[in-house]
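Please go over the structures that come below.
Note that chain A is present in both complexes that follow, paired respectively with chain B and with chain C.
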Partner chain A sequence: MSEVGQLLVAGIAIGSVYALVALGFVLIYRATNVVNFAQGDLAMLGAYALLVTLTVFHLPFWLAGLVSLGVMAVVGILFGLGLYYPLRNRGFMPIIVATIGASVLFENGIVAGFGASPHVVTGMFGTGSFHIGSVFVNDQYALLVGILVVVTAFQFWFFEGTLLGKKMQAVSQDKQMALLLGIPVGLMIVITFSYSTALAGLAGVLVSPVLFVSAGLGSGITMNAFAATVIGGFGDVTGAIVGGLVLGLVDTFGGAYISFTYEQGFGMAVVILFLLFRPQGLFGERVAEKA
Partner chain B sequence: MTIAAPTTIRPLQRGFRGRRVTGRGALVVLVVVVLLLVTALYPFNDLYTLLLTQAASFAVAALGLVILIGYSGQISLAQAVFFGIGAYALAIGVTTVHLEFWVAAVAGIALAALLGLLLGLVSLKVSGLHYLALVTIGVQTIFELWLLNQVNVTQGPQGIVNIPRAPLPGLSLDGDQAYLVFCLCLLCVLGSLVWWIGRMRIGRAMRAVRENPLAAEVIGIPTYRVKVEAFVLSAVFGAVGGILYTGAYAFISPDDFDLNHSIIFLLLTVLGGSGSVFGVTLGAVLVVFLPEWLEFLQNTYMAVYGLALILLMIAMPTGIWGGLRLIVGHWIKPARPPLPAVPPLTFRAPASKSEVMLAVRSLSMYFGGVKAVDGVDMEVRRGQVHALVGPNGSGKTTLLNVITGIYEPTAGDVLLDDRSITGLRPHVIASRGVSRTFQLIRLLRSESVLENVMVGAQVGRWAEQAHGGLTAQAMAALELVGLSSIAYEDAKNLPYGHQRLVEIARALASMPSLLLLDEPAAGLNDAEKQHLVELIARLRSESLTVVLIEHDMEIVRSVSDAVTVLNFGKAIAEGTCESILRERAVQEAYMGVVDVVA
Partner chain C sequence: MKLYPIHGLGRMAIGLVGVGLLVSACGTSSTGGAKSPKTPIEIGAVVGLTGTTSTNGEYELDAMQLAVKQINAKGGVLGRPLYVDSVDSRSTNEGVVAAIDQLGTSPVALVGPDLSSEIGAVESTIKSEGMPDFIGGTLPSLTHEGNPWMLRNRPTDQYFAAALAQLGVVKDGVKSWDVVHTTDSYGTSAAAYFEAQLKTDGGTLADDIGVTSGTSDFTSAISEIKSSSAKGLVTFITLATDNGVFATQLRQLGVTSSSMLWIAAQPTISAPSLQLAGSNLNGVYSVSDYVATATPEATTFAADLETTYSLTADVNAAFAYDAVEIIAAAITKAGSTSHSAVRNAVLALKNFSDAQGPVNFNQYGDGDSTVYIVEIENGAPVYQTTVALPVIPYIAVG
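And then the complex of A and B:
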């Protein structure tokens, strides 16, 4: 029983990482219709930003984390301006290829700069942990889940309760209309990229004490974030969070009970099942294109 | 009688300075033959021979991506998987299972095709979201894990050595240069095949899917099947490339088939120019030789490739070949074959069937709580022009979308010639003789007017007609709407009114028995409207049945035999134009009625 509880905790913790990345991915998709293949690599960059601030500048973990988030917010602005802006009117294909290029560039750029070998990062709590019944909970896992809850609450408040959030929603619904209403659409999209990248960076910062930090971290996270959005319903915010958690559990339990070697494959299997039987995901509505 | 177009239509003259040259094709063949002879005879050093062979095998695999990305507009990140399936099936088949070379090769190709079919069926069903790119990344990851870990089958990271080359009767391919020439000859054959596929019906269908999937489906193209076919073809070319690759170094290992290689295939395809056989060949040579030439980049060249992908998309989306073609094309244009002068398309009076052609029975379409169409009954009689009018948002277009199969109705039934077509896929309904235009024009924008109309012609039941060939059929449809003189123009360069007519011509080219026009007069000037009215009148005189959504009551009055008025999703009146305008409900819906207090 305690083994199942243990896996449950680990699954929810890793699922929280997928959920955070998937959330950023969905926000970008809703605002711009861009499927960002570099989302996981943005998380990986966040982890490296943490690594540098910790090991080069010797900042305490919490401060290093905050600085990394700031850096990633700026990276997000540059990503939006450098990649989305020039391609915004070119249709779907060019931009999808460009984000694949960005993913390759980030991953191999990091390999060139830091080497391919993984780095170890010690978390805020060292190796602290506590018990719930017989289940042993790593402090970092608790932090991951706690932060996902905080981000979800913030997200809800931001989009439902603030004018800026409402403007960003308007942009994702209809850019032309938003422009006519006097909303600076370009600025809103840049903010979306910045916020989404910071979310990915947050995931990278939080996961780095749990997993090793390596350049290859990104593509795995991208795939899982995608899978999470398919499970939750493409473009659905709640779906991204629930999908991320579901996927974390599937990966963890599959890895433990079926095959550790193919752990990464289980998410894919679930995605294929969803595409076959419920292509609109858990929360998505079946929508047809307007003629 | 040909209806004259309202404004004089002549080919647009846009800074045309170059000459149209015939025989470009012969020139291309000549250049290719000379290049082949040069590679056969020139004493390359051993390294270059092997690298060229590798490039040829990459180019063959990338030909699949010409079909998938260039023609069909779908993205795959698993071309290295199919490349790997071909290579490993051959290597394992020949070295471990001791199969004949050709048997193993065919098995590899069949395996790749099968995997492509399964993946395509799963991931291409939902259109517009590019699930294929996502699923293929996943498959790529699993394939890598399998190659590395299934040591008893794949020999794991060690790889497989001593793979023999293709045995040819009477020819030895033991010499590296001989094998190179063999690969290049195969590349030429397969390249011609891909070029030819692009010009066939299947190629045109793929381009229609790429340019406008919804329009393609409604015209009558089975878009799902076309996309799956494109993916299976791309898998087959990938496997053939992989089989050729085994012969280059007689050695393969999992590193040759990782995600990086799938990305390299994607890169070389867009670098060269994704729609072009020559483009990908050029791209393949570049990506194979660049790491040799740019040795100072060492381990960063994948990063450079990533950057190159971004910059290419921003600065040169048509790739190197596309850029070259633009420059050369400015001076030398391909000859345009003269188009047949054909009489305008005619429609025969249909064999006598039931009087009611299209019947809509208590049809409802709800979107959540919104009742867009709410229990509508309507009958369209054969040979009549039936107008569908109503205020904005009254459900006219939704009704059309349900009739053509874009939406599956919440309740009710649609009958065509007394047979239910409810819930059928749009292309199936199109194949029963229903054709339509869209309120927002949906043309294949970067294709010529002629190609646009040929898409309609190729899905139609045109074989019954006297017109010979697709081109003639399309030209006859263009002649009917008065646009045959601008057949070679790109659709996107036409003025708005002409784009509407092209869409109508495309619908007519499929020889429909029922034509649905969704606000065809919207945005037209008076002369163009007059032209449209004459066109509809002519179609009516040839007994074509037409359903017309229109706001302009003058047009409705002059062409329609019957009118149905919709308001808030319900049919509130039906009859002749004069009779419905007298009905109180219609007056209320349109103008509001002030109660006069006596």
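And then the complex of A and C:
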């Protein structure tokens, strides 16, 4: 029983990382119809922002995290204006290719600026942990899951309960109509990029004490986050969260009870099954096209 | 478009440019071409400066630069300075192929790549180019595939496996073992050699767990370890970040030095791995082809690298440093920079002292069989003993 509990904790923890990054995927996709393949590397940039605020400015973790989020929000604005905006009328493929290029640029830029060696950062509670019965829980992972819950609640309130959130929803549903209604579509998209990048940065900040700060941190997360959005339903916010958690649990339990060697393949196998039999994912809507 | 006739000075200028191009095209052959006595001697370096193995690449390149600095300070080789021409392999097979192509045949010798899988990708190119290549991969078959240009100044996985088994099974009497290995070329091969040696020495394999490089969470693997009957754990994990996460989670989930004897293969005691894993590696044993306190040469190298580049010397740095030293010695011995002369001179080196220990190259190009046992104390490897191993004939396993 304790083994199952331990696997459950691990699966939820790693799934929460995927969920946070997947949320950013979904928000950008809904606003622009484009998948941002640099989303994982934006998480990596968030981790390096944390590293700088901790080691250069010696801020406490909570303040360093908030400052890093602010930095990433600005990075998101620049990312949206510098990458998406010039290509917005060229179709989706140039933008996708540009995000892949941005991903490579971020990784190599970090290596050029910080060197190749990974860095250790201490989490919010040091190396603390607690036990639920005999199940070990890393404080940092507990923080991550807790913040995912908070982000989910915030997002629900923001998009359903605020005018700005409803405008952003309107833009994601129908840009033309939103424009006709006087909603500044360009501004809404930039805000979306900023918020999504901050979300990715938040994932990087929270996971870096566990997985270390390194240029390769994001590449491992990107594909799993993308898989999470497919499982949850591309374009669905709830789906991104549930998809991330499902993926984390499938990988962890599959690795434990079938084979750890193929752990990362189990989630991908689930993705393929969804694409074959339920392409709209768990929460997406199937869209039929008229002949 | 109207073409204007070229007269007088214009024709002369074109002629001079043409002659200049013709002259500069000469002397680019690796074995011939008129080079002035002071022409620097090029050593090619194929290192991962970006990507998954970029931590190793940084150490290797700086160590090579240190060796070059020291050799040039003494007057260079044959009165000529050395220099390192490095190309980033991007830690991918495609990147390694591109790097080898980019370096061409002008270097007197190459150092790298250091991953067995990457070496396999360029083996045929090295053979066709006919240039000595000091490889860092420990897969035994790399020097037994009929390619005379592969040279290795590191022990092979056969020697590491023998040392691991001698330490764990023979010395400490632990019979039942779990093996955790990355599923890349190195991890799979090294694990196979250890498991074969285990049988020979009377041990048993309880569980073989393959892990993909870049794994974010090892909880499932550690659950398997905890539920197995093994009293010993051997790990062959390639990447520093994986070693750091694995060591941390292993301790967090209750597997301690007193509950299980853990012997880690040499990638775990690279400087980046030790930094990331911190105190979680205390009490862990390892086998290595470099320890800073094993010999005076090793200690001197460590001190020089720290002073010059603020880096802690490790196996990867030592391999690259020694490769340059061996190349320089071979050129001096051969009195030539031709590829075949340098290669023959390398194979003729006997008891050449370097940071890793004395090297004696055999006909296959393998030169090092010195393996050290270390125990990690306070986050640093502490020399315990040197394993005296007989010559191990090559066998293919797995």
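As a working rule, the second predicted complex is superposed on the first by the 275 of 291 C-alpha atoms of A that agree within 3 Å, B and C clash if a C-alpha of one lies under 4 Å from a C-alpha of the other, contacts with A are read in each partner's own complex, and residues count from 1 in each chain.
Please note the rule applied: a contact is a pair of C-beta atoms (placed from the backbone, for glycine too) under 8 Å apart; a residue touches a chain by one contact, two chains touch by 3 or more.
Please read all numbers here as calculations on a predicted model, not as lab measurements.
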Touching partner for A:A10 - first (chain B), second (chain C), both, neither: second
First, second, both or neither for A:L180, with chain B first and chain C second: neither
Partner chain(s) touched by A:S129 [first = chain B, second = chain C, both, neither]: second
Chain B versus chain C as contact partner of A:L163, first or second or both or neither: neither
Partner chain in contact with A:A98 - chain B first, chain C second, else both or neither: first
Which superposed partner A:R90 touches (first chain B, second chain C, both, neither): first
Per-residue touch tally on chain A - higher for chain B or for chain C: B
Which superposed partner A:V56 touches (first chain B, second chain C, both, neither): neither
Partner chain in contact with A:T252 - chain B first, chain C second, else both or neither: second
Interface residues of chain A shared between complexes with chain B and chain C: 107-108, 111, 219-220, 261, 264
Contacting residues of chain B [partner chain A, same complex]: 69, 73, 75, 77, 122-123, 125-126, 128-131, 133-135, 137-139, 141-142, 145, 149, 214, 218, 259-260, 263, 266-267, 270, 299-300, 302-303, 305-310, 312-314, 317, 368, 397, 400-401, 406-407, 438-440, 442, 518
Chain A - residues contacting chain C, complex: 3, 6-7, 9-10, 13-14, 17, 107-108, 111, 115-118, 120, 129, 136, 138, 210-212, 214-216, 219-221, 251-256, 259-261, 263-264
Residue ranges of chain C in contact with chain A within the complex: 49-52, 54-55, 57-58, 183, 209-212, 214-217, 219-221, 223-224, 227, 240-241, 244-245, 248, 252-254, 272, 275-276, 278
Touching residues (chain side chain A, partner chain B) in the complex: 35, 37, 82-83, 86-87, 90, 92-98, 100-109, 111-112, 219-220, 222-223, 226-227, 230, 234, 261-262, 264-265, 267-268, 271-272, 275-276, 279, 285, 288-289, 291
